[in-house]
Amino acid sequence: MHNNTVTPVAVLGASGYVGRELIGLLDEHPDVGVAFATSQTERDVLGHRSVPLEAADGRWSDVGMVFSCLPHGVSAPVVERARVAGARVIDLSSDLRLSDRAVYGLTEVARPALPEAAVVANPGCYPTAALIALLPFARAGLIDTTRPIVINAASGVSGAGRSPKRELLFAEVAEDFRAYGVGNVHRHLPEITGHLTPLTGPADIVFTPHLLPVRRGILSTVHVPVMEPLEREAGERVLLDAYAGEPCIRVIRGGIPSLRDVVYRNRVALGVTPVQHVSRPMLTVVSAIDNLVKGAAGQAIQNMNVMLRLPETQGLLC
Amino acid sequence: MHNNTVTPVAVLGASGYVGRELIGLLDEHPDVGVAFATSQTERDVLGHRSVPLEAADGRWSDVGMVFSCLPHGVSAPVVERARVAGARVIDLSSDLRLSDRAVYGLTEVARPALPEAAVVANPGCYPTAALIALLPFARAGLIDTTRPIVINAASGVSGAGRSPKRELLFAEVAEDFRAYGVGNVHRHLPEITGHLTPLTGPADIVFTPHLLPVRRGILSTVHVPVMEPLEREAGERVLLDAYAGEPCIRVIRGGIPSLRDVVYRNRVALGVTPVQHVSRPMLTVVSAIDNLVKGAAGQAIQNMNVMLRLPETQGLLC
Amino acid sequence: MHNNTVTPVAVLGASGYVGRELIGLLDEHPDVGVAFATSQTERDVLGHRSVPLEAADGRWSDVGMVFSCLPHGVSAPVVERARVAGARVIDLSSDLRLSDRAVYGLTEVARPALPEAAVVANPGCYPTAALIALLPFARAGLIDTTRPIVINAASGVSGAGRSPKRELLFAEVAEDFRAYGVGNVHRHLPEITGHLTPLTGPADIVFTPHLLPVRRGILSTVHVPVMEPLEREAGERVLLDAYAGEPCIRVIRGGIPSLRDVVYRNRVALGVTPVQHVSRPMLTVVSAIDNLVKGAAGQAIQNMNVMLRLPETQGLLC
Amino acid sequence: MHNNTVTPVAVLGASGYVGRELIGLLDEHPDVGVAFATSQTERDVLGHRSVPLEAADGRWSDVGMVFSCLPHGVSAPVVERARVAGARVIDLSSDLRLSDRAVYGLTEVARPALPEAAVVANPGCYPTAALIALLPFARAGLIDTTRPIVINAASGVSGAGRSPKRELLFAEVAEDFRAYGVGNVHRHLPEITGHLTPLTGPADIVFTPHLLPVRRGILSTVHVPVMEPLEREAGERVLLDAYAGEPCIRVIRGGIPSLRDVVYRNRVALGVTPVQHVSRPMLTVVSAIDNLVKGAAGQAIQNMNVMLRLPETQGLLC
C-alpha cells in the first residue's frame, strides 16, 4: 500500500505514552515508515522491535526524520549528535523549546520556517493549548497587561507519563481532582511566557495545572483582561481571522468546547465569551486539545509533514 | 440507642442527591429522627416511606426542624408556610440566600445568629468553597480590588442533580471535562459577590464552574490579588487565625488539598501559596469540599446542631 | 477525494449512540456518502441535517443502502416498506435477527450470502462477542452439551442507549458494577441460542450481562465444557483455523484480550485457555469487541462493503 | 470519649490499602486504640508514626491484638513469633487460610471458635464473596456436583495493592476491563475449594476474577447447578434461613445487589434467581462486598470484636 517514496523515520524513547501514540500514528501514515525505534525498557513497541538508544548513533543517515521522545535533559545531547550527523530532528522533550538552536514548532506559527528547519522543538501540551488561545488577542494588541492573565488548565493522566508512580495509580486518581504546580512553579510557564510576552510586553501570567481523572485531553480556561469591551461575536472574529484556513483549529461559534470535541484528533477547539458583571472588560477563552495528539505526537507529525513538503494533515484526523 | 429526647425532623424533596444524603446522615444522627419525608417521584427514600408535599402542611407542628431540599423557586413559599405555622426551617434551595428573611447559614460565620434563627438559608456548594477561601483575606483587608479575583471551580456530577438528562449520562460525562456558565452567568455568582463585597468593597470577581467526571466533590482554585507580598506561611497564618478552633476546617500547611481529603466528610480543606514570577503580588488559595456534605446536607446538619444547641459536629464526620 | 461512484446511503434513527457511530464511520468511508438521515429528536446529527422518519418513504430509490438504527419493534415495518420499494437494507435492530426474511449478518459466517441479500439483520453486540467465541468449537463438534455453557459478559454504558434514564446517570454508574437480566431473561439469549444450537444440538446456555462503568466495549468470558482435554495451543488452533484470513478477528496466542485491544476498532479479539483443577475438561474463551463498532455500526459497514462488492474493510480500522 | 478499658492493638504492614483501611476503622472504634503500626516504606500512616517491622518484636506483650497486613509469605513467620510471645493475632495475608494452625475467620461460620482463638486467618476478599453465596446451598445439600459451579467475579483496583505497577496506572485501567488468572490459576481458588468441598464432596469449580475500573468493591456472579428446581422465593429462603439474625448480611428479596449497596460497609449483599430456559435446574447467586471492608479490614475488626467479646459490629457500619 505504501509507495516507493516512503520516508524512513526513527523514534527515540518509543515506549512512553507519547512515543506509543507517535508509533501508532506513523504506522497509519501513507508516506513514512518507522525504520527503527529505541527503548531502554521494552523490547517490542506496538509490534516494532526496539533497539537500545546507543544503537541509534550509527543510523542517523538511514532516516529522513528523527523524533525524540526522550526524557527532558536526556534529549538535547542526542538531538545534537543526530543533527551533526546530518539528520533532521523533531524534539518532543522540553529541552530546546526556549533555545535559538531549534524552531519552536507550534505549527500554525512556525509554518514558514519549517521546510528548511534542521531541528524543531515540538511545543509542550499545556503551552499549545494556552498559546493557541492567547496569541490572536496578543497580536491584535487587545490584552490589557495591567491585570493578570489567568490560565487554569486540567490534563488527563497520560500527560504525567507511563512510569509507575503511586500517585498515578487508578485507585489514587479515580474520583479525585487536584491542582499541582500551584503558584507558577510548573516548568511549562516559561514556555508560555517566552512565546507570549514578545507580543504583549511584560505581563503577569498565572498558570495552574490540574490532574483530571480521564486518560487524555487538556482543557484550558483562560481569563484575558482586554483593553476594550468585546461582544462574543467580536471575540470570535479575532479567533476566526487569526485561524482562517487552519485545518487543525476549530472555533466553536456560540459555544464552548470540551474534551469530547478533540480527543483522538489533531485539533485545537476554541470558544470565547465576554465576562459579565465586571467593571473592566475581560474575555474567557476555552481551549481544548488531546494532550497526546495536538499536544505531542500529532503536532510532531503535522510539523514533519510541513518539513517534508507533504500535505500538512497527511495521516492525521483533524 | 436513641434516647427519649430525639427531635423529630422533616425532609421536603427527599429523593434527589441532596435529600438522600441528608436522610442518610439524619438516620445516623443520635439526637434526631426523620418524622416524615416528602417526594413527588419516589414512594420510598432509603427506607422512609414518603408522602406528597401537600401532606406536609398539616404536620409542621409535629417536627422540631424542617429541611427543604425542594427545587429553587418551589421552596420559598413552602418555607414561608412552615415558618408561619411555627416551624424552624433550613432551606437548602437558593431561594433565600440573598434575602433578609433568612440567616445565611455558612456555619462558621453564622454561628452566633443560629440558635435564635427561625429560617436559615443553607449556602450553595460553590459559594461555600469560595467564601471559606476568601473571607479571611477579605476581613484582613488584604485583597487588592484593582485586579480581578478569579475563581475556577470544578464539581462532581451529583451537583447537577438526579433528574435524568442526556448530558449527565455516564457515556457523555466519562472521559470528558467541560466548563459551563462561562462568562459569569452561573446563578451562584451573586451569592459569592453578595457575601464578599460587603467586606472588600466593589470587586471584579470571575467565577467559572466546570463539570468533573467524578461523583462528588468540589475543588476551587481561587486566585487572589493581594495588597502586599505574603509568603506561604503568612498566607497560612491568615487562614489559621481565622479558623482557629473550627472543627470542620482544615488548613493544610505546606500543601494543597484535593477531593480525596474531603469526600464523605463535612470538611473544608484549604491550602494557600504565593504566586511566583508576577510583578504584583497574588495568592492562590485551593479549597476542597464534598458538594453533598459541607456543600449541602452536612452543613445543614451542622446548622441544625447549632440551632438546637447540640454539639456542633454531632452526627458528622469532619 | 471521493470519486464519482460514491454510493448514497440513508441512516434511519441516526441520533442514538449506534446511529451517530455509523454516521461518523460513513463520513470517513471513501465509497459512500450519507444522502439523508432521520431523527425524531435531533435536527442535526454530526453535521447532517436530519429529516423525520416519514420523509424517508419517498426516498428509498435515491439510495443504494438503507441502515435502520430504529428501535426494536419500530424497525421491522419500515424495513419492509424500504425493501418493497426496492431498497437494500441493513437492520441494526433486533427485529429480524431470528427471521427467515433476512440474512443474519455475522459477517464471518454470512459472507457468501451477502452480495445477493436484500435485507440483512445486523447481529446484536452480545451475540457477536459470544458467537464468534463459540462457533468454531461448535462446528468442530467439541462442545459437551451435558454440562452448561456459561457466558458472563460486561458491556460499556453506551450499549444501554442514549435516552435519558436515571439509572444511566454518571453519578449512578460510576464506581458501580451490576448484573442485569440475571437468570437468562435478557432478550439477546434467543439470538445466541438460535445461531448456536443448530450446530451443537440442544444445550443449556446461561447468559448473564453486566453493566460496566466504561463508555464502550464488551468483554465476554465464556466457559465451554468440552468432550476431551485440549491444551491451550490446541484450543488456539481451533480458533486460528476457523478464522484464518479473517481481517477483523485476532486470536491472541498465549494471552487474553481486554477492552483496550478492541475499542474504536471493528475487531473481535479472542483468547482461550483450558481450565485447570477440574475433573472434566473445560475451556474458557475470552472475547472482546467494541459494542458500537464490531458490535453494531462497524459490522454494518463491513456487511455493506460485502453487499456492494467493495473491499471488506474499506473505511474500517480493524 | 474512649473509656479506660481501651485495648491497645498493633497493625503490621500498615501502609497498603488494607492496612490504611484498617487504621482508619480502628481510629473510629470506641474500644480499641492503635498502639503501634509498622511500615517499611512510610514514616506516617494516617497520622500514626510507623516503626520498622523489626521493632515490633519487643512489643507483642503490649497489645491485646495484632493485625498482620504483611505480604503473603512474609506474614506467617511474624505471626508465629507474635503467637509464641503470647499475642493474639488476626492474619490478613493468605498464609494461614488453609492451615490447621489458625481459625479460618469467615465470621459468620467461625463465630463459636473465635473467643478462644489465638490466631485467626482472615479470609480473602474473593473467597468471602463466593463462600457467603455458596455455603447455604452446600449445607442444604442442594448443589449438583455433576455439573460445574462457575464463579465470575470482578474486583476494584484497590484489591491489587498499592505498590506502583504500570498495569495499575489510571491511564491503563480506566475504560478497560480484563479477566486475569483465567483457567483456575488464581491463588484464591484453593481457599474457595478448601472451604466448600468438605460440604459438597468433590466438585468442579471454575473461578475467574476480573479487574474492574472502580476503586473498591467485588461483585461475584455465581452459577450453581442444583439438584431440583427452586423458585426465586425458595432460593431466597435458603439464604434467609442460613443468615437469619446476621448483622452484616443482607438478602435482597426480589432483586440483585450491586457495588453501590456495599461500598464503605462491612456487608455482604446477596440476591438469587433461578435460571430460565435450561433443561436442568440452576440458580444464579450474586454477591457483593467492599473488598477492603468485609473483604479485609472490616471483617478483621468483626473478628476482633468477637474475639474480645465486644459487640460484634462495634465500630463498623454494616
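List of remarks:
Order of writing sets the chain letters: A, B, C and D. Residues in each chain are counted from 1.
The rule is simple: a residue touches a chain if its C-beta (ideal position, glycine included) is under 8 Å from a C-beta of that chain, and two chains touch if they have at least 3 such contacts.
Note that the coordinates shown come from a computational prediction; the quantities given were computed from them, not determined experimentally.
When the CA atoms of chain A are superposed on chain D, the rotation angle comes to 180 degrees (nearest 5).
The two sequence copies chain B and chain C touch through a face in which the numbers common to both exceed half of the numbers used overall.
Mean C-alpha position of chain B lies 47 Å from that of chain C.
Centroid to centroid, with C-alpha atoms defining each point, chain A and chain C lie 37 Å apart. Chain geometry summary: the mean Cα position of chain C and that of chain D are 38 Å apart. Taken residue by residue, chain C touches two or more other chains at 172, 174-175, 213-216, whereas all remaining positions touch fewer. Listing the residues of chain B that touch chain C in their complex gives 17, 156-158, 162-166, 168-175, 213-216. For chain D in complex with chain C, the touching residues are 147-148, 150, 152, 154, 172, 174-180, 182-185, 189, 193, 202, 204-206, 208, 210, 212-217, 219, 221, 223, 225, 256, 258-260, 263, 271, 273-280, 282, 284, 286.
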